[in-house]
Amino acid sequence: MVVKPLTGNYAAAYAAKLARVKVVAAYPITPQTTIVEKLAQFIDNGEMDAEMIRVESEHSALAAAYGAASGGVRAFTATSSHGLLYMHEMVWWVAGARVPLVMVIVTRTIGPPWNIWSDHSDLMDQRDSGWIIMMAEHNQEVLDETIKMFKITEDPRVFLPGMVGLDAFILSHTTEPVDLPGQELVDSFLPPRRQPYIMKAGDPILMGNVPRDLHDNMRMREDIHKSLEEAKKVIQEVDEEWYKLTGRRYGGLIECYRCEDADHFIIGMGAWVGDMREAADRLREKGIRVGVIKVRYVRPFPREELLKWLTNAKSVIVFDRGVSAGSAGQLFLDVAAHLMAAGVRVPVKNVLAGVTGLDVTYEDIADAVLKSVAEVEETGRFSTFIEWYYGR
Amino acid sequence: MVVKPLTGNYAAAYAAKLARVKVVAAYPITPQTTIVEKLAQFIDNGEMDAEMIRVESEHSALAAAYGAASGGVRAFTATSSHGLLYMHEMVWWVAGARVPLVMVIVTRTIGPPWNIWSDHSDLMDQRDSGWIIMMAEHNQEVLDETIKMFKITEDPRVFLPGMVGLDAFILSHTTEPVDLPGQELVDSFLPPRRQPYIMKAGDPILMGNVPRDLHDNMRMREDIHKSLEEAKKVIQEVDEEWYKLTGRRYGGLIECYRCEDADHFIIGMGAWVGDMREAADRLREKGIRVGVIKVRYVRPFPREELLKWLTNAKSVIVFDRGVSAGSAGQLFLDVAAHLMAAGVRVPVKNVLAGVTGLDVTYEDIADAVLKSVAEVEETGRFSTFIEWYYGR
Amino acid sequence: MVEIRFHGRGGQGAVTAANILVSVAYKSGLWGQAFPFFGAERRGAPVMAFARISNRRIRVRSMIRYPDIVVVLDPMLPKLVDVLKGLKPDGVVVANAPRKPDYVKGHEVYYVNASKIALDLNLVLAGWPLVNTAMLGALAKVLGFDIGVVEEAIKEYIGGERGEVNASAARRAYEEVVRCV
Amino acid sequence: MVEIRFHGRGGQGAVTAANILVSVAYKSGLWGQAFPFFGAERRGAPVMAFARISNRRIRVRSMIRYPDIVVVLDPMLPKLVDVLKGLKPDGVVVANAPRKPDYVKGHEVYYVNASKIALDLNLVLAGWPLVNTAMLGALAKVLGFDIGVVEEAIKEYIGGERGEVNASAARRAYEEVVRCV
Amino acid sequence: MNPHGKVLPISRPGPGVAGKTGTWRVMRPVYDPSKCVKCRLCWLYCPENVIDVNEGGERFISIDYDYCKGCGICSSVCPTGAIKMVPEGGA
Amino acid sequence: MNPHGKVLPISRPGPGVAGKTGTWRVMRPVYDPSKCVKCRLCWLYCPENVIDVNEGGERFISIDYDYCKGCGICSSVCPTGAIKMVPEGGA
Amino acid sequence: MPISIKDLPKEKLFLPGNASCPGCPEALGLKYLTMALGRKLMIVIPAGCTSIIQGLAPGGAFVFPTLNVPFASSDAVAAGLAAAKKILGEDAVVVAWGGDGGTADIGFATLSGAAERNDNVIHICVDNEAYMNTGIQRSSLTPFGAWTTTTWRGKRERKKELSLIMLMHKIPYVATASVGYPLDFIEKVRKAASIKGFKFIHLHAPCPVGWRFDPAKTVHVAKLAVETGMWILFEAENGKLRISPPSKPYADKSKRKPIKEYIRLQGRFRTLRDEDISILEKMVDDAWETILRLAER
Amino acid sequence: MPISIKDLPKEKLFLPGNASCPGCPEALGLKYLTMALGRKLMIVIPAGCTSIIQGLAPGGAFVFPTLNVPFASSDAVAAGLAAAKKILGEDAVVVAWGGDGGTADIGFATLSGAAERNDNVIHICVDNEAYMNTGIQRSSLTPFGAWTTTTWRGKRERKKELSLIMLMHKIPYVATASVGYPLDFIEKVRKAASIKGFKFIHLHAPCPVGWRFDPAKTVHVAKLAVETGMWILFEAENGKLRISPPSKPYADKSKRKPIKEYIRLQGRFRTLRDEDISILEKMVDDAWETILRLAER
């Protein structure tokens, strides 16, 4: 184990290498590009024993990774924003086919106008598709979770593909020290590839032909949903296993910061959770008991985990870096819906900030929270449930 | 005005013709195909004065329609399922560019396995993108709403593209009498094309270049959201205008059936709302006061309209024909989240039925509702918030 | 509401018959709905189409599992598929047959030699009698529709000379159809 | 926590300097974070990079608006951009300059003739002195880092003979840098 | 097919996946061994793969009527008219 | 640009959209009219479009140093060496 | 080495009772493909008639591994699959089997990309000259003048010269073939399988449903296409182009049958006017001219 | 009709102070394009360096209508736009301006589709032989042997023969051009604008950043490509192919400069071994052979 200053993108590339990925298929797009470049370098230099398929588009990137994974080897790809949207059909397909593979998403907003900065609309746009979807807070988590994602996706209780998200530039191009586990450690952690079926010559199976009985098809869809529910346990277990080997754990689906005695909860995902922690500390200095819940896995949605903390909250503020236009922030919709379904009664509010990539500081977060909390303390509720926050 | 037996698809094609669409660009996919065929026939026979661009993919279908619309003419396309997923990048782009155009979606489930039957996952998968999205219950509504959608999308308060959804086969290939308005009537209803800007030689504007200040970009995204909110009023107005001309109105964003005195509410969208009405009637015969809310427009999300009815409900059951795997049905997530945000306290439940195209009868619906209502009447709550319903 | 199922073969026009029926219904002051059993409709393969007729707007849209009437376009089909499946106990069979078909037991039957009518009128495609409009005529009799309306609807749908011939096929079947129990 | 902003030109290696600084910090028992101001980085165009150094894991990730230290790699730049923008009142400027730069008023300044060091050591690309490692040496002095650690970090990052040369550029600057107020 | 309790979009081959496709037949190919010159063209060109060759058998070829769709290709490629298409049953 | 109060992804042209790109210059093209044969090649090939031709002027060409990025193409295409690249300011 | 009909394997890897229409050319092609490659065959299928022909789950008419994939993705999936097989050291021939639409339209960038990368895949384009699975819409490979449900007065554009375009990709093997000439096709498939890299075979597949002819005539129409010179059989190994034996005679224009013979069998050309036929004739002459220019001398 | 430098318009529709790198070939191309078409120009731009070169909103360096569009969509958007202009009766020339990536990779199906439909668009592929905007990754038009950040040991595949592939699309106009020969390029653009239907121009655009050469040498490198025969200027109207004057001499192999002269100026070819150079030479000979075979005799 050595510590190396790495960007988030390089952390992802190292993770793919350490997971002994056999086929990389990817197409460049800012800000994902350096992941692909690094992997190309590993492979071209002989440091990594894998095939690189230098495809002509993202649709083909995921298609080629999927073909390789269907054929029985570990496969990897990465993309961002328009690349992710361009492969959207394949995203659904891979989940429907139940083929485990790992894709890193460097989150970036969607155009027009062209804009390379981070928000979460691209990643969240995939949330219906049946993939496991997580978002990292820092580069160490990018590395750890990319490796772990192989184990999670290949677990027979899961057998679904997985995405690891990291914020454009805020992580992807930011260098910080990363603890790089040794190959032996990773080998001891990751079992040989497992998958529900392998396409191979002489073994005649047909994947994807039209079902005679639609009940079978609906059961497939339900099984994807149920397998995501089962994945909750797997994610937790894998977090513990990794902890035993490395001393690092993240709490599974969500991670809490100063939640034990919190009245008010901020919920968010990705890199700005770091700034939320800072904001919480500052607010506590002012006597406001704020807790931060970092949603690590948004699919499966951590319903039970959130309920545990939020049932007796005084207020819940969900920070979204993306919006389902004409409704509300994507994360908010999930959080609020599941609170509702569980019959929890707590004022909820959605702050839309950093959308299209605006820089958000911990002061901004503290400011937005402060105002909201003041209102809820005074009136017991939020007068508007959605706020577009542009900074102080 | 003549009445003609038409399939839902032909109703859509007639609507595009009556709206004096100038450019049709489309790519065939079951079950959308007959829309394109019919329009090709209109054009090839000289019954419709338009250009048909017979593109090589759906990405290009929406791209070509978008190019034409940017250039200043009314444009139309239609697709389904994988076609919609394949053009997903363009879907976001057109909304971001604020270019009004109309697309008909014949809803079809997503593979694998290949399957051409209706569920709503393809349409709902677009709900973040900034489009106006509606779903019709019958062929008359397909025709009416497709014509109206041009007016709505081209309203200067809106200036966004719009989708009209209809269920595969259940409407698309089902023939029923449709009142076909005369060309003069439609002409008197639809003003000449309006749009926020037109690309034309000699007028140097640049669309979509990188913003210097990200605040501008975030404001664009917020404006899409806000314009969808404003569209609520426009949808209502247009519904009334159409009513004055044709005698047909649908209530704007939602339509209620026997809601006035209802205790329990069923919420759904699309063709099976007809069966829900029937189910409600049957349940009322058993003394259960059920109301049906048909969500016509899911974007903008009819928050206020729903709250009006649901605030004092005894229970709310949302029927989804599609799931955000690892969370819950897409319509449910929206309904529940907005109830939560409004502080409404009512037991909510999500029934997932007809997913991947299973046939759902009014007996099925009545059965599912009956059981759920029984539980809620007894215990005051639902023991499970999500149920996969395969039929009796 | 009357629910009807048509049995035919791919290429035989069962769906067309169901569609024209909607027209007939509407012209008769009723509401109609018609839909195919969609699948890869191969030429010659057994296929189905459905229709509903009602005196008010039809809002249910699920498949028809228990039809009131079954229309059999091809006399060979009953050997290949269970055309009576789900037919209500008091349901009716309308059959293309030269004589009372023996595959029906316990149901009211109307039969007509639609193949002969089609051949007589030279309604043939690739050696095949096109019986759909004739069968529509027979069905009109069962449902009590005015055959003039049926002819009109057929001519609107098909047009030209072929429409005329199909209309007379319907009328002939309407006149020749035999009821037995 | 110390927040640092580097000013350079596209192609001059400001980002590299910031990255190596993270290494230096880590080797010195501190935590570091470095990131570029991303944009289309054109050759010759004024660019910026940022770094944070702290004695515990850094969790904030927003842009640095009020730096503690500004490092100016190109002596021409202050004429073109406001290199002092947002610099804290007690902030420090570390400048590549042959003498005390006159664009700084009221801030502590460290200067070193990094261009000369680079030219002397033949650290040149397309006629351009490569001053980033020299400036890192100067910055190390300001931050109180051990220059040996800096040399080590540079050699790890760059490797080979060029690493050696760059390391000595850093050392020379470390030694030559002049502080004035 | 389903080793871990997962519901997969996977199938295994077997004949008759579209049912007894012989029911689609409107015309029936009838083989006359006396005219057959054993050229195997019918075997080669049958798109249904329902013709079998019986090396040395009395009837050189045989047709699986359960699945023969009656397309008539065998008849049209037969150089000697050893396969004739006749109407299937009534109609 | 924004006729209906909508916030649109639309721009209008204007010079200097990347700032005063003359600041990027490391080498500066210097024109010597005495060597100029008025071939216009520098005008044609300047990728920045910053060279103007002054028909009949004393100095046949002029360079807009606000935006000239100092690429050196003008100098390299000039057949007579009438444009020389010299280092910009100090450094 | 020419093969004879007797040498062909008898094992049925393409099963009766599948869902093809009577007289289906894609069924023919699939049958030949199994004959050519036997148990080494692995197939990747974008949307198209073959998605249906294989029959309904949980069954299937294909006794070889079959991966159905999104319409635009086949060659990329096949490239990934081939890479996996290489890594695992398995002896497999990965075939991407696309229709004219899946190959030359929506999937064309994918095809071209795999060709340029020289991925180890055989792409076979089974060309029935329209989108048949969705009900006969025009594709870029629909010929000039043909009726489809999106070209009611006949297509106004020419058929894309797909095989020449692929030839210009400078891949190791390009060939045309026809369901009317199974031995030629089988030989070409086997040759392609013996070559590493990207191989392209363009299989002409007259479809009775979409072209509106009697299903008994599939083979006849296929042969007429060659005999009239409308379809030219050739192969090019490493760019060296040779006319294949069945087409050889028709390099001489006088040997070609009049294209009217081909056209009048097909309902889709019903509305073709005489001047359209001349245009088609001119296109045939042009195609021959280009091919002969490019052929080995 | 040959034009002279004096005839060129002086109006600046491409403004100084844009965001191109010093010595940018795409900037050169854009400038020529405005000179060729003036105020009739409308441009559709997929992602690429030109997306950046135009500068930041709410400003812009382009004094002509500019529609930025998704990477794979340009020709389809342009087709729609051209249809609208036709319907509205406006006099406009719609140009899709794509990089090698936007043209020959992700956008290739779109391009090929528009070509087949013969949409009224000029597609110009500004070919800097890699994905420059994302930082120099290989494309299908990157030449054999070139280093990029995804081919650290040099690309192993050949450059896709894009212009021949487009020639085989049988569109009314196909040409190659180079930023080193502006008059030739401008003439070709004007000719293309005078023809109805789909026109394709392949513009060679040596990029100092991605190819690693001194920005002062952009024009020099561009000319060397032609003088060594590595880039062949030609045009084909209705399939009639003619070598363009600047390239004419090099049909004779002995007149060509050694390709080493071209290669050694460029850092991207640093790792090229001698045997690689022979392969490149062979490729040049082959390309000439094909072109000459196809040329009018």
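In this document, chain identifiers A, B, C, D, E, F, G and H correspond to the written order of the chains, with residue numbering beginning at 1 in each.
We take it that a residue touches a chain if its C-beta (ideal position, glycine included) is under 8 Å from a C-beta of that chain, and two chains touch if they have at least 3 such contacts.
Not measured: the values here are computed from a predicted model.
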{"item": "Path length in steps (a step moves to a chain that is touched) from chain D to chain G", "value": "2"}
{"item": "A-D against F-H, pair bridged by the larger set of C-beta contacts", "value": "F-H"}
{"item": "Reference chain C; chain at largest CA-centroid distance", "value": "D"}
{"item": "Chain D and chain E, separation of their C-alpha mean positions in angstrom", "value": "80"}
{"item": "Computed distance of Cα centres, chain D from chain C, in Å", "value": "87"}
{"item": "Whole-Å separation of chain centres (CA-atom averages), chain A against chain H", "value": "40"}
{"item": "Multi-partner residues of chain F (each touching 2 or more other chains)", "value": "1, 9-13, 18, 20-21, 24, 69-70"}
{"item": "Residues of chain C engaged with two or more neighbouring chains", "value": "42-44"}
{"item": "Chain H residues counted as touching two or more neighbouring chains", "value": "19-22, 51-52, 54-60, 62-63, 68, 70, 72, 105-106, 108-110, 112-113, 116-117, 140, 214-215"}
{"item": "Complex interface listing, chain A residues touching chain H", "value": "27-30, 33-34, 36-37, 40-41, 44-45, 52, 54, 56-58, 82, 86, 111-114"}
{"item": "Chain E-facing residues of chain G, complex", "value": "5-6, 8, 10, 12, 14-25, 27-28, 31, 54-63, 182, 208, 214-220"}
{"item": "For the chain E and chain G complex, residues of the former touching the latter", "value": "1, 9-21, 24-25, 39-41, 44-45, 47-50, 53, 64, 66-73, 75-77, 85"}
{"item": "Complex interface listing, chain D residues touching chain H", "value": "40, 42-44, 126"}
{"item": "Contact set on chain G toward chain B in their complex", "value": "47, 51, 57, 68, 70-72, 105-106, 108, 131, 133-135, 137-138, 140, 149-153"}
